[in-house]
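Every chain is named by a letter (A, B, C, D and E) in the order it is written, and numbering of its residues begins at 1.
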Amino acid sequence: MEIFYPITPAHYLVLSAVLFGIGVAGVLSRKNLFVALMSLELMLNAVNLSFVTFSRVNGDVTGHVVVLFVVAIAAAEACVGLAIVIALYRLKEKVDLDLFKSLQG
Amino acid sequence: MDTFPIELTALLPLWIVVGGALALLLLEALLGEEGRKASPVLAGTILVLALGCVFHLLSLKGMPGSLFQGAVVVDLYSLTLEGICLLSALLTCVFSASYLRRERAVTGEYYALILLAVSGMFTLALASDFLTFFVGLELMSLAAYVLAGYLRVQERSTEAALKYFMLGVFASGFLLYGIALLYGASGVLHFPDLRHFLEQGRYSSPLVEAGAALLLVGLGFKVALVPFHGWAPDVYDGAPAPVAALLSTGVKTAAFGAFTRLFAEAFGLPGNWVPAFAVLAVLTMTLGNLGALGQESVKRMLAYSSVAQAGYLMVGLSAASLAPADDLERAVAFYLLAYTLMTAGAFGWIAWAAGKGETGTGFEDYRGLGLKCPWMAFMMALFMFSLAGMTPTAGFFGKYYLFKLALDHGLLGLVLVAVLNSFVSAYYYLRVVVFLYMKPVEGKETAGLPAPLDLRVAFLLCGLGVLAAGFLKFPF
Amino acid sequence: MGIETFQYKSLIQFDWIWLILAAPLAGAVVNGALTLVAARRKTPLPQGPYAAIACGAAILSFIAAWFTFQHFKTLPDGSVLTQELFNWIEAGPFQTSMNFELDALSMSMVVFITFVSSLIHLYSVGYMKDDPGFGRYFTYLNLFLFSMLVLVMGQNLLVLFLGWEGVGFCSYLLIGFWFEDVAKANAGKKAIVVNRIGDGGFLAGLLLLYALAGTFNFNELQLGKHSFSELSATVICLCFFFGAAGKSAQIPLYVWLPDAMAGPTPVSALIHAATMVTAGVYLVARLNFLFVLAPWASMTVAVLGALTALFAATLALAQNDIKKVLAYSTISQLGFMFLGAGVSAYGAGLFHLITHGFFKACLFLAAGSIIHVLKGEQDIRKMGGLLKHIPLTSISFFLGWASITGILPFCGGFFSKDEILWRALATPNPMVPFLPEALYFTALAAAFLTAFYMTRLFVTVFFGEYRGDREIYEHLHDSPKIMTVPMLLLGLGSLASGWLSVPEVIGGGNSLGRFVDPVFHLSTLEPTNLPHNLEPLLMLFAFLVASLGVGLAWYIYGLKHRVWPVLLKLIPGGKKAVEKQYYVDEIYDVLVVRMVKGFAHWVSDRLVEQLLINRMVEAVTRGLAGAAQLLRKAQVGLVRFYLAYVVAGAALLIYLILH
Amino acid sequence: MLEAILFYILAAVLLGMGLLVITRTNPIASALGLVAAFAALAALYALLSASLVAIIQVLVYAGGIMVLMIFVIMLLNLHPDDLKPMKAQGLTVVSALMGALVVLGPVIWVLSPAGSQPPAALTAGFGDIFAVGDKMFTGYLFPFEMLSLVLLTAIVGALVLAKRKL
Amino acid sequence: MILSILIGLPVLGAVLAAFFPQERAAKTIPLLASATTFIFSLLLYTRFDPANAGFQFQEIYPLVPRFSINYSLGVDGLSLWLILLTTFLTPLVVLGSFGAVTQNARGYYACLLFLEASVIGTLAATDLFLFYLFWELMLIPAFFLIGVWGGPHRVKATIKFVLFTMAGSLLMLVALIYVTHEVRSFDYTKVFDYSFPQDVQFWCFLAFALAFLIKVPLFPFHAWLPDAYTEAPAGGTVMLSAVLVKLGAYGLLRFCIPFFPYAARAFSHWIMLLAVAGVVHGALMATLQTDFKRLTAYSSLSHMGLITLGIFTFSLPGLQGGVVQMIGHGVYMAGIFLLIGMLYQRRGSHQMDAYGGAAQAAPLLAAAMLWMLLSAAGLPGFAGFVGEILILTSAYKTWAFPALVAIAGFVLSAWYLFNFYGKVFLGTPKANPDNTKTNRKTNPKKDEEIFLLPDLSLSEGLALLPLVLAALWIGLNPNFFMDPIEKSLDLKVIEKLKPQPVMMDFAAQQRRLQDEMESNRQPRKKNNN
């Protein structure tokens, strides 16, 4: 039972790691560009959870600052990512990742 | 100068570039068509100005060191990196000017994005803490993603942007995770603090090691180390050639510069890095070279070659935890300079020679060009010799310093692999020269476009730089 | 003993030796330059100047040699005239100078060579008249004379080698003089290649000798000859003999000489009869102090010499080309000389060398004259009855014939051959007891055959009916004086040369033998096998044998008895074998040429070059290309795969760092 | 105890919604799942005394980014047929999970002992806007300034990539 | 300053030739530049002091001060003749190429002069780094010379040539970095005075030797040679065979043996065996060829094996023989390849079958060729003999077996060389294949023109004459070449090779190692007693 209780920072960290894994799995397995983008967001948020946890462990709010920065950057990335999606959609009328493999070899 | 705050003067190149980017955007918005025409000139001027500023700062005796409460550090190394990035951007601007005119895609935003990317590179070069480092990386990368997809009506360009973006963000996730772990272990983000923390003996904490490993994944992606390189050939190949020049030189210089600083200064202690670095180096060199070996397109060959070249840098970096930081940074900075001159030159040459829509990037397309445009072809030959590491070009000196660094610290096996790779690479580099000079023209007329004056000047400077860089006095 | 040897020789500086050499060299240079200039301008120069320069040079050389000889005779026995010209190769302990010396051996050779070659130069003026290569011819001839003189006058083995290779090369040039004819050009090539094979032995001898003695100088070698063990001396001598066999056309390297008849006939007379081919004998005689240390090597020389004498004589029996008969006869006679040298009768060998030089040159010149008047016809079956049409040539030929067969006592080869026969029988051989007898009878058989085939030749050519082209027959007249006079002089010379060294046992002076004795006397084995007074008896016996040969040939050919073909038919295939020269060329082609080429083809080319080197290079390039293609497959172009690589890489790194 | 219950509930929601995101065929469903996941995450932040971060998480992510994303999805108006083939194949999923595990295994192994020591004592105002702001505008002023450029780049980039005419 | 001028003049000439606007000047400028260089280089001979074994005409300027890399030049007995050979041959090659090179002549001459400059630089460099710079620099003009102006398979040949050479050079670079790090100096003399531990010698020797032996080339590293020689243009082949491959032998003498004497002694038997294998292999391959340029290429391989054999006898006569053979081989190979180029220019073929009876049409050409072939065949009195006899006698003293086997090369050389001469120059004249059969219809010519093979032109004759004279001069007066270098060879190679006292017991060796550690890797003076 010691593994489950009491709640230590390790629990948060493991949770964050698992969430990161889900994000990775999503990016790797999905061909839908939107879902892939969302999985990327999941990954970033998993890292954020780690930062907040470590902040709490170290008693230092630097981790929070990082999280705020990451949120802003994630927004910017999402913005560019969506723009790319639109550009792609204009070319092929599809958002299937596997369709874009003209560059290879 | 004394009356200005040091933060203003020491970072003047950065401010100039940022200001320039804003000015370009305003110009585009306010003036429209005329602004567009003026934008390359303005961008060039700004870059030259910044470059002059960098030179001036380099010539100053004392270095301000750490600024903004340790967020950035201005020293000879970072200034040198800034200079190299500016050089890369400047060359890109020159290459772009005629290229974009030919593709009918001139906009002010393009140049603004270049300047924004440069400011990202600067941030990266100056960064002395992980947060600045990450922001700089993202700033540079975002601009780079967009530039790669700039010709969005072409499928290749947009696809390049997509791949670059997807993998970039994915790798950023890993990088960030690594930072998180390091932060968790040490509670600090500043490089010197981390070093201090590590020196206290908690060095081999698994958290630190795991963090460093994940950091390495992220950085490895940015500088296209195998096996994180998947994007690189496709992106360099798909992106417009001048952009490829910037991506493969400026972006890589900044990333490698920061990479080196991180591992030379923050992690610069004997540790488990050597085998990891060595494995990465061997994989990168070998697979990069083998990839380039099988190509029929010069542009794509160059893309692979830039992967392989990163491998040589890794040979030097493998000595990161053994060699003094100064030596390492010097060797890396010199190699980056040489690499920038020759790779940017080569991509720029492709931008010139490939013709509208980049239809002619194959080896076959350059048959007999050496006889038609002897001097332009000679420049390409020079870049190829330099990339192959033949004397007395900068490429040779760069490799020499890196290999020497590794060898002086006992990495004989690694250097032997590097040398072997260098040998293999000579084949495909020389193949370009073979097609330029030694294959008769068959059938269709090849390209043989007139080269505008600005291009000629740029190539001449590149060529002279390639020839002379090894003999010049290096700033530090 | 070594010091004694050295004291025995007294070296005397003589500053005019160079003139003997310089005259032909200058002639060659001047004529060569003129020829090249003419070739460049495409307008031939008149022949007079060429002839004057070349003959003048040869005669000048003879005069210089003659005066040197006169000076030499005034000196005490064992004197050596030397002249040091310049240092040639000096590298640390390796010291060689371009020095020349004349002792009794080389002195006699020089006088003989310059005399014979002067005459042949003169003869050539007539023989080569109207040939477009006139200037070239005389350039080569002078160059040859120069090289031959360097060969015999060199003070050390390297200078000798310079002349040795020089004469070989001149022989190449002259055999292939009419190079438009592929066969003739190939004959030249064959000569130089076979000579080179012998030279390989020569070179090996040089290396061994130098490694042991540290010098090439004959005087120093003689001084230090006791540093050689019997084994090393034997090996060295065999090496040098191999070289000598190449140059002097002995078994197993005689095959080039019959082909060498492709050259102009005066060349055959000078080079391939009188002078160059005797260089091997000279070499063995020159190295007598080594051969005496190596009895087995000497024995080999004698045995091979005797065998060659007999073997070549049988080959001469069935030749129909007048020059080929003479060529085989030359080989046979050279065998006699080697037999003499091999039983340490160096003086006798030298004597035979000189007499042979005279009579064989005479025979060749006469043959040349016949060919000249018959407009190039060489087949004796198309000659006959020439005696009355070309009397002067016939006389010359007769004199030569008389000398070689030894039928005319006291003339030419009579004494020299008998001396060799006598020494072969009389010199004891402690190793193989019956050898002297075997050598003697072999040589005697060769002498018999010599008499037989020479008579056959003589009779077929000069007697009977003319069987050739009628048109030529109408206009038959003897050669011009410039040809006949030297020819006759040589004929007389061959008569007179016999008197150079009449054996003491029949009251002669043996003057040549005495003259050269200081050179050889330490190396000579006394003929103690038989009492001396038996010599005249043997002489008589030999004369009878020769007469038998002459008589038999006369009976068969002169009197038209067709016995010979019947005889040959008794031995199945015998005639064919002789006509095909025992298939030696074919055997060599299979054994040497094909084997070397086969080795080159299979081992060097196929195995090493193609299989090992090229295949390896190919394998590397193929491997790299294959890997490159494999890698291209991995670059699938799909984002997901690249992401997977990243994940794999991350795993790799984590394991590497955390391990 | 309450913290534990809350943690497990939130963790279950978070992971469940995360799985929902990566398994749904329809991107709208995924997006809604993501919003829910973010909400759970915000609550977890609050549990970790990160009040400002929790608020920003809800405001910016759930409110800003996700709305943007859904807008784009709607804008492109994908036909349901287009979505069908875009579902992952089983093999890919398995390999993806394996890959994720290969990386995560060691990380988790490292994390568990590292995080098991008790957290530092809470100071007053930890994680509130003052503490965070103080840190942000002193030690991290420079990256903050640069962050503005990141956003500018994103705007320009979106403009360049998405505008109709080049 | 002499040496810098010797390097600078050809570079200047190359740049002028390349940039000069008038095509006509493309011939005169390079000729002038190379001739001036040659005349200037004579100063080296006249002012050379044979009694001084050290470097003369020294110049030292810092090049990359941070790494104490200097631009330092100097000449001693080892390099004197090779520099003079280079400067002597280049104007002749330029002259000999007047008729042969018509396309892009300016580039051709620029490459040629550039090659000359880099060769002189390689020979004169006394700084190891500078040496390597020049060493690799040579590849670039050679690459172009073969690749642009070469025969039909030139691309394969030039790539092969460059890659093979590079493979060796790169390994040498590694060893060079190691060695200079150990000594902490790039200065030749410093490295020369240092004595390396045996295991270091072992590996570094292999790395250095590989680079040089590929260049020489030693059997079996010669795969590049036949192709490169055959495909290069005449001038390029001359530079390759006469100058470039000599640098391999030079490198052995200059670096490999003096730096790593222990290893050199240890490997000498193996290298001698390979050298002699090369002698025989080259000769045998030459007998098989139908392409006479290839034939000559293989004969060159055979002769270079002899030079290597001479060097590894480690005796003064052997070394001097090696050097004389290098000069001689340079001269007669230059002659032969120039002549082959002239034949090719006249008939466009390297096949022996395409020729025949050429001596009739072109007697001067034939005479010159015969003269050079005699030198190649090692006729006494000509250039080839002196080296051959010196090498063979010293090799025999060192180790009899290879010397005796090498005689086969001597014997076979007559076979293939005279076969070549016979097939091309003797026999019945053959028609020019260009003018027969199919070409006859489109290109009607008179009968006599079919056999046309013009004799030497004035410029060709002028180019050959010095070579003809030199071939004889070397053969008759080799002391002229051997005397000035004797001291250098003796002190720089032989002395170094004398075995140093061997420490037998382990304790002493350990002590020595400790001393080494303590002395902090300072260069140690050589222990000679």
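Brief remarks follow.
Throughout what follows, a residue touches a chain if its C-beta (ideal position, glycine included) is under 8 Å from a C-beta of that chain, and two chains touch if they have at least 3 such contacts.
Only a predicted model underlies this, so the values are computations on that prediction, with no experimental measurement involved.
Note on connectivity: the fewest steps through touching chains from chain C to chain E is 1.
For this structure, the chains sharing the highest number of C-beta contacts are A-D. Relative to the C-alpha centre of chain D, the farthest chain centre belongs to C.
Central chain (C-alpha centroid nearest the global protein C-alpha centroid): E. Chain A and chain B have CA centres that are 27 Å apart.
Each chain gets one centre point, the mean of its Cα atoms, and the points for chain B and chain D are 31 Å apart.
For this pair, chain A with chain D, the centres built from the Cα atoms lie 6 Å apart.
Each chain gets a centre from the mean of its Cα atoms; for chain A and chain E, those two points are 65 Å apart. In chain B, 131, 134-135, 138, 142, 145-146, 149, 152-153, 161-163, 166, 170, 177, 181, 184, 206, 209-210, 214, 233-234, 294 are the positions where the chain touches two or more neighbouring chains simultaneously.
Of all residues in chain D, those that touch two or more other chains are 92, 95-96, 99-100, 103, 106-107, 110-111, 113-115, 139-140, 143, 147, 150, 153-154, 157, 159-161.
Residue positions of chain C touching 2 or more other chains, listed in rising order: 632, 635, 637, 639-640, 643-644, 647-648, 650, 654, 658.
Pairs of chains meeting the touch criterion are A-B, A-C, A-D, B-C, B-D, B-E, C-D, C-E.
Looking at the complex, you find that chain B touches chain E at residues 371, 374, 385, 390-392, 396, 400, 403-404, 407-408, 412, 415-416, 419-420, 422-423, 426-427, 430-431, 433-434, 437-439, 470-471, 473-474. Listed in rising order, the residues of chain D touching chain B in the complex are 106-107, 109-111, 113-115, 138-143, 146-147, 149-150, 152-154, 156-157, 159-161, 166.
In the complex of the two chains, the chain A residues touching chain C come out as 24, 27-29, 31, 97-98, 100-105.
Here chain D touches chain C in the complex through residues 92, 95-96, 99-100, 102-103, 106-107, 110, going by the rule given at the top.
The touching residues of chain C, counted against chain E in their complex, run 36, 39-40, 86-94, 98, 158, 161-162, 165-166, 169, 172, 176, 179-182, 185-186, 188-189, 192-193, 195-197, 199-200, 203-204, 206-208, 210-211, 596-597, 599-601, 603-605, 608-609, 612-614, 617.
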